[in-house]
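These notes open a run of structures that come right after.
What follows is a pair of complexes built around chain A, which joins chain B in one and chain C in the other.
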Partner chain A sequence: MWIYEKKLQYPVRVCRPNPRLAKEIITQYGGPDGELSASLRYLTQRYTMPTGQAIATLTDIGTEELAHMEIVAALVYQLVKDAPLHEIKEAGLSSYYADHDRALYFVNASGVPWTAAYIQSKGDPIADLHENMAAEEKARATYEWLINLSDDPDVTDVLKFLRQREVVHFQRFGETLMRVQDYLQCKKVY
Partner chain B sequence: MIGPYKMRLARAYIPFQRYGQVWSPAEGLRRGTIFPELFSPYIPRDKGSCGTCQ
Partner chain C sequence: MQNEQMELMQRLRELEFAAVELNLFLDTHPENQEALRDFNRVACELAEVRQTYENKFGPTMNFGVSTSKGRWQWIDGPWPWQVGY
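This part shows the complex of A and B:
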């Protein structure tokens, strides 16, 4: 069960339309290393975690990734909602527009729809936690490439916040991996 | 050997964070973390306005 707070974890205020930037940032909505992939991966894997601490960490981080998905959605929508059609065409978003107008849909930067094949749920906590640490690094790298692509300081500010959260999550998954490895090792010994 | 662990091959090690000094909630929101030791901002590249200068 979740409790919803009717505000974003980090505020999003975009002043001018920028469909080119929206087309790139949407990959963190529905791309392989995006926030939907992250949240669903952690919230699904938690059932086969062996300790309460690991289950709680996956729940907490999976929940925060849902909040990040909402931030990315707000960014993309504010960048396209007032964009005139000719700018959408020039940005290469006309094929997206044909299917979705300015609505949000889970695609990567090339328009490929999200697939569950982006994520794994292996039933092996060591394998899953390594995947999650890699996922945090891939998301961090994606935010860095998006920061390089951004020409809007208000957007860059939000991307920097989201990137820093990935760094913190990596540390938390790392600590969880240490605890789970020790737990599984103890079970073997005794 | 680092810390209390006898390091084994074929497994990963991450140092545990110790709770210490923290920033205020407002500062933490601005930076993305309340922990100074976890704050590692990105220095953008590929930002030059011309092709030759970095």
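This part shows the complex of A and C:
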């Protein structure tokens, strides 16, 4: 069960349209290291985690990633909402426009639709937790590339918040990995 | 959105962020008493601020967590991404 809260985890207020930046940021909506991938990866892997501690961590981080997906959506939505068609064309978003107008859709920065192949669910908790730690680092790096590409300080501010959350998630997955390793070790001994 | 609504929402957001951080920390440090105390304190304050906000500006959550007064206020805008709150 999930309950919706009518609020963004971090406020998003974009003052001017910027379809070029939207085209790049959308990769954190529907790209390989984006928030949809992150959320579904953790929420799917949790079923085969061996401890309550690991299940809680995957459930809670997977839930926070959904809130981040909403923040990225708000960014893209506001960046293209009032963009005139000629700017959309100049930004290289005309093929996206042909299929979706200014609607949200899960694609990466090159327009390739989201695929379940972006995530892994191995059934081996050690493999899955390593996967998640790598995923958090890749998401952090993506936010850094997006910050380099951003020419709007309001957008950069939001991207910095999202980047920082990936650092925290990496930390929590690392701690979970150690706890799960200890648990599996104890099981072997007794 | 009025200024007062924005300010209360920001207070709600700050408290909930603290709650999320403490929650994730406790997930991997469940024996940490200090974090547990902080979490419970933040959760109490969050509930109070949420009540104040909802009394003035309507429900923040669906499916029975928040109530509506007089009419079904859940459908009222603006929605978060529209004004970025």
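One rule holds in what follows: the second predicted complex is superposed on the first by the 190 of 190 C-alpha atoms of A that agree within 3 Å, B and C clash if a C-alpha of one lies under 4 Å from a C-alpha of the other, contacts with A are read in each partner's own complex, and residues count from 1 in each chain.
Heads up, the rule we're going with is that contacts are C-beta pairs under 8 Å (C-beta built on N, C-alpha and C of every residue); 3 or more make two chains touch, one makes a residue touch a chain.
All of these numbers come straight from a predicted model, not from anything done at the bench.
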item: Chain B versus chain C as contact partner of A:A74, first or second or both or neither; value: second
item: Which superposed partner A:R163 touches (first chain B, second chain C, both, neither); value: first
item: Contacts of A:N148 with chain B and chain C, given as first, second, both or neither; value: first
item: First, second, both or neither for A:H130, with chain B first and chain C second; value: first
item: Broader residue contact with chain A after superposition on the shared chain, chain B or chain C; value: C
item: Contacts of A:E175 with chain B and chain C, given as first, second, both or neither; value: both
item: Doubly contacted residues of chain A, that is, touched by chain B and again by chain C; value: 10, 168, 175
item: Residues of chain A defined as touching chain C within the complex; value: 3-14, 53, 56-57, 60-61, 64, 70, 73-74, 77-78, 168-169, 172, 175-176, 179
item: Residues of chain A touching chain B in the complex; value: 10, 130, 133, 143-144, 147-148, 160-165, 167-168, 171, 174-175, 177-178, 181
item: Chain C to chain A touching residues, read off their complex; value: 9-10, 12-13, 16-17, 20-21, 23-25, 27-30, 59-63, 65, 79-81, 83-85
item: Chain A-facing residues of chain B, complex; value: 11-14, 16-17, 29, 31-33, 35, 38-42, 44-47
